[in-house]
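Shared between the two complexes below is subunit A, which pairs with subunit B and subunit C, respectively.
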Partner chain A sequence: MNDGVYVQLLDLACGALLLTGVLVLWRRELAVIIRVFAAQGVALAALVAVLAAHENSPELWIVAVGLLILRAGVLPLLLARALAAAGPARRETRPLVNVASSLLAAAVLALLAYAVSRPLVALSPSPATQAIPVGITVVLIGFFVLVTRRRALSQLVGFLLMDNGITTVGFLTTSSVGLIVELGVSLDVLLAVLVLRILTARIQESFGDADLDELRELHD
Partner chain B sequence: MSALGVVGGVLQPVLIVSFSPVLLGVMRQVRAHLEGRAGAGIAQPWRDLRKLFGKEAITPRGTTEVFRIAPLVLIGTTAVVAVVAPFVTTDSALGSVADLFAVVALLALGTVALALAGLDTATAFGGMGASREMTIIALVEPTLLVAIFALSVRVGSTNLADIVSSTLRDPARTISPVSLLAAVALVVVVVAETGRLPVDNPSTHLELTMVHEAMVLEYAGPDLALVELASAMRLTVFLGLLANLFLPWGIATELTPGALLVGVVALMVKVGLLGMVLAAGEVFMAKLRLFRVPELLAGSFLLALLAVAASFFLA
Partner chain C sequence: MNELLLLLPVAVPILAACGYGLLSWRPATAWIGACAAAGLLAAAITIAVAVAHAGPRTALGGLLRTDALSAFMLIVIGAIGLAATAATPAYFAAEITAGRATPRTAARHSLLVALFLAAMAAAVLAANLGVLWVAIEATTICTAFLVGQRRTRAAVEAAWKYVVICSTGIALALLGTLLLNFAAHHAGIRPGLDWASLAAGAGRLNPGVTQIAVLLLMLGFGTKAGLAPLHAWLPDAHSQAPAPVSALMSGVLLSVAFYAILRVKVISDAALGTGFARTLLAGLALASLLVAATVLLAQRDYKRMLAYSSIEHMGLLALGAAAGGQLALAAVLLHMLGHGLAKATLFLGSGHLLQATGTSRIEAVRGLAVRAPVLAGCFGAGVLALIGLPPFSVFASEFGIARAGFATGLGWATTAALVLVLIIAAALIGHTSHMLLGDPTPALGPGAATAPTRLPGGVALTLILGLGVCAAVGISAGPLSTLLRLAANTMTGTP
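Up next, the complex of A and B:
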């Protein structure tokens, strides 16, 4: 693959990551958010695949396929099933901050990400490291979703968004984290989602709602 | 000022004035077809305009000059943009006016004039429409500026003609994330600015949902015809800008009859296709609640800002 095409594809995958991150913040319906999250998984896998093709490394290709299965297949499926179990009344997120302000906050977060990642980029400027701000923006947006959403399921999406961002930064900085490390991280994430899903279902059963704001007081 | 620019400056306004009502007719026809209606035909907007121009000019009692001048300002600013922006030729008749900031300011001036006219009538609907339009334009203008600015960063010039010719020289640029983010942002603001669904419904006169129609409610006769023609021209101008900023192929770069013909046909095909897609999309969309519109526009502003950021950091 020649350099021009490589840079174009890399930038395109990063653009898709950024766009899906913003869309998670933008949309209210949980079903749509889960689909957008799956699209972000595809973008992340595509990013790793582009890196793999550039470096000619079979290990990275395996990681890309694994990421595609986990982040665009298994995790969205688990989330969708948790959503279906929650019932029709809980289809929409209820953000603490309204959508227009949270989008403007995301703009500030993006600028912050660009500001803080400049020293990192300066260490070894290359097309891959120049895209680090995109990964950090996704991490920050994920954290923002995590702290401003009330429903357990949307907080879970925020957590996964953060993880997507961390993975992106990892691959962009080192080009390969190593198969074992990536496998360990992926299994960790899968386990966390499974545990959180069961926890959400239990909260739902005990309190009739997964709104974490209402869990401040102790009940009998 | 070059010969090509002068020819473009004459050709473009003629083309846009004569074909923008036809574009409106085509869009209504597409919509009617998809909804299973027969439709009034693509020449209906021109027939409406002819009828309105033939009527006697009347203005409501108590209105001032602001009300009478607004349609002229609206159509005048749009016509200037039609002359200078790169639609058929890459050269501009007045090079310095084809600047991004000048073009956006001219288009905003027309909107503000119309909003003032809406206030001038002192009716409830006029004021309501003007207030809504100001809410929308306060978010649309920065997005428009920032989205086109993202494209101008790599070119190093805010001249629209320069942006178009540089995209023509380097076609790979159109699939970069900068272009994609800016394109999405620009599509949203074009839809909002021209008063189409889901921001405003152009075919309704239902009081609670109107934005643009509420402002022009008191106009009649030739004044109304001017406002309608200007609205159609604005739609064409915005779609033409959208088409040529992202897909400039076909635009005339040299002064030969063949190149000019290709430029004219390319513009008509691109704008026509965009209009048809817009009209087809509208069939499947419901109007957004007014309080959700700022959300949509804030989102598109964010995308435009990310496009600018990406043009600095990913390049």
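Up next, the complex of A and C:
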């Protein structure tokens, strides 16, 4: 692959990552949000595939396929099944912050991400590292979703967005942290999501159609 | 043979977990967990002796590594794990009689606890930051269902908060890990996440990137260690979990997460100078102590009281780590052991108290000293140990931390911390004396008068032994002092 095409494809994949992140803030229907999340998984896998083609690394190709299966297949499927199990009243998120302010917040978070990642880019300027702020922005948007959404499922999406962002940063900085660590990280994320999925079911069982806001049993 | 020894602390609990997967809960199988914990403790002591004589060693192609610090942490895990698992059969006997649990719940509980012990052992044996991260996240997954085991609304809520907050915090630590790997890659350090090579080459790390990485790592592992401002999960999870799990989480899990901070601090000190980590940790310490002091004054629930006291002690550990230096770090490690033993004893005792009285409200418990002298004695002695009265080892370690704080220019922070510790001690004594003393006719609390409060013999023995060890270590650390000195050396970089 020549360098011009590589940079263009890389930027395209990163653009898709950022766009899907912002879309999650814009839409309110959980079914759509889950589809957007799956699209982000595809973008992430595509990003790794571009890096794999550039570095000619068979190991990275395998990782890209694994990411595609996990982030665009298994995790969205788990979320969709959780949504199907929930009642119709729970199909929409109820954000604490309205859409316009959320989008403004996303812009501010992107600026913050660029400011924070300046030393990272300065350490080794290359097309890949120059895209690091995109990863950090997705992490920050994920955190924002996590703290401003009240449905258990939307919080779960926020957590997974954060995780997508962290994975992006990981691949953009250095190609590999060792296969065992990567496997362990993927397994842990999958298990954490499974645990949270079971807990959402139990919350529905014992609280009925309640928001997390109404989880007020424990306080001082 | 040597390689095998290093695998034992992880393998023995996993075998016990397999045992609980295959066998059902019977009087005989109830003790498998305690046997595994005893095996873990024995392996830990053997490893400690070997390390003290022959230095650090590695296993599994460099994935596991043990030095004096990890050997000491293994001993802490083994000792408190043994106390918690030894009290488990009696705890479940009472729960099953009361109809709150079934033998299946008990077997599943023991399976998860065994995996939990294995994950903690793997965390302290990990030779690199990546494996440590995976192991610490694994502890969250193992304990999630233990926290929510009772399936009441409160328990499910606590479990949800626990998993969401801790997973988010630990995700920050993952980002920090990746950035540190990036910096190490550019400094030519291979393998980039190995503790030993990172510490050796830390001087070459890019300061800008390392600063961000260290900040994220300390905040992330600080979440799991229950340091303010991300402590919100701790009081809920510790008060809702079954007593043996509360004992393990409060007594060891927090310390294991703090161990990660200690390791990161070594790298931070070498790469950025001591100032950065010192300011950060002192800030976290004071915030934690302040949170604990304000909430403890008006606390109405004795399990939450113990949980907030854990936040206080984590704050003290952070203060000691901020001071740095030989004396402070040895005191920090001793404090982990002393606090772990005292807190485990108290949580096990409070679990029995909850079973006997049916309430965890402080005002509903009166005159315990008359109705259940052994339990009251253990509870009272445990609280005295927590607030740092001699002869318990917490006294020695708090004294060491305070002295090091004044000696290293953290005078104002240490003074503020000591004032807060005094306030907390007063609050703890006030609440505890309300529970232990007074007229035993209970005005409040259903079933408080009729329920038997006699402590089963095995549990009483566990509690007394736990406090006895805590006091014995306080009087003389004995062979432990060599290990403490070696472990402090590995953290200060002096040979």
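Heads up, the rule we're going with is that the second predicted complex is superposed on the first by the 216 of 220 C-alpha atoms of A that agree within 3 Å, B and C clash if a C-alpha of one lies under 4 Å from a C-alpha of the other, contacts with A are read in each partner's own complex, and residues count from 1 in each chain.
Definition applied: a residue touches a chain if its C-beta (ideal position, glycine included) is under 8 Å from a C-beta of that chain, and two chains touch if they have at least 3 such contacts.
Fair warning: this is a prediction, and the values are worked out from it, not measured in the lab.
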Partner chain(s) touched by A:191 [first = subunit B, second = subunit C, both, neither]
second
So in the superposed three-chain picture, is A:4 touching just subunit B, just subunit C, both, or none of them (first/second/both/neither)?
first
Of subunit C and subunit B, partner touching more subunit A residues
C
For A:202 in the superposed arrangement: first (subunit B), second (subunit C), both or neither?
second
Going by the contact rule set out at the top, does A:130 touch subunit B (first), subunit C (second), both, or neither?
first
Based on the superposed arrangement, let me know which partner A:139 touches: subunit B (first), subunit C (second), both, or neither?
second
Under the stated touch criterion, which partner chain does A:122 make contact with: subunit B (first), subunit C (second), both, or neither?
second
According to the stated criteria, A:69 is in contact with first (subunit B), second (subunit C), both, or neither; which is it?
neither
Show which residues of subunit A both subunit B and subunit C reach, each in its own complex.
none
Can you list the subunit B residues touching subunit A in their complex?
172, 175-178, 180-181, 184, 294-295, 298-299, 301-303, 305-306, 309-310, 312-314
Using the touch definition up top, name the residues of subunit A that touch subunit B in the complex.
4, 8, 11-12, 14-16, 18-19, 22, 26, 98-101, 103-104, 106-107, 110-111, 114, 121, 130-131, 133-134
Which positions of subunit A touch subunit C when the two form their complex?
116, 118-120, 122-124, 139, 143, 146, 152, 155, 159, 162-163, 166, 169-170, 173-174, 177-178, 180-181, 184-185, 187-188, 191-192, 195-196, 198-200, 202-203, 206-207, 212, 215, 217-218, 220
Can you list the residues on subunit C that touch subunit A in the complex?
63, 128, 130-131, 133-134, 137-138, 140-141, 144-145, 148, 151-154, 156-161, 163-164, 167-168, 171, 174-175, 177-179, 181-183, 185-186, 191-193, 206, 208-209, 211-212, 235-236, 239-240, 295, 298-299, 304
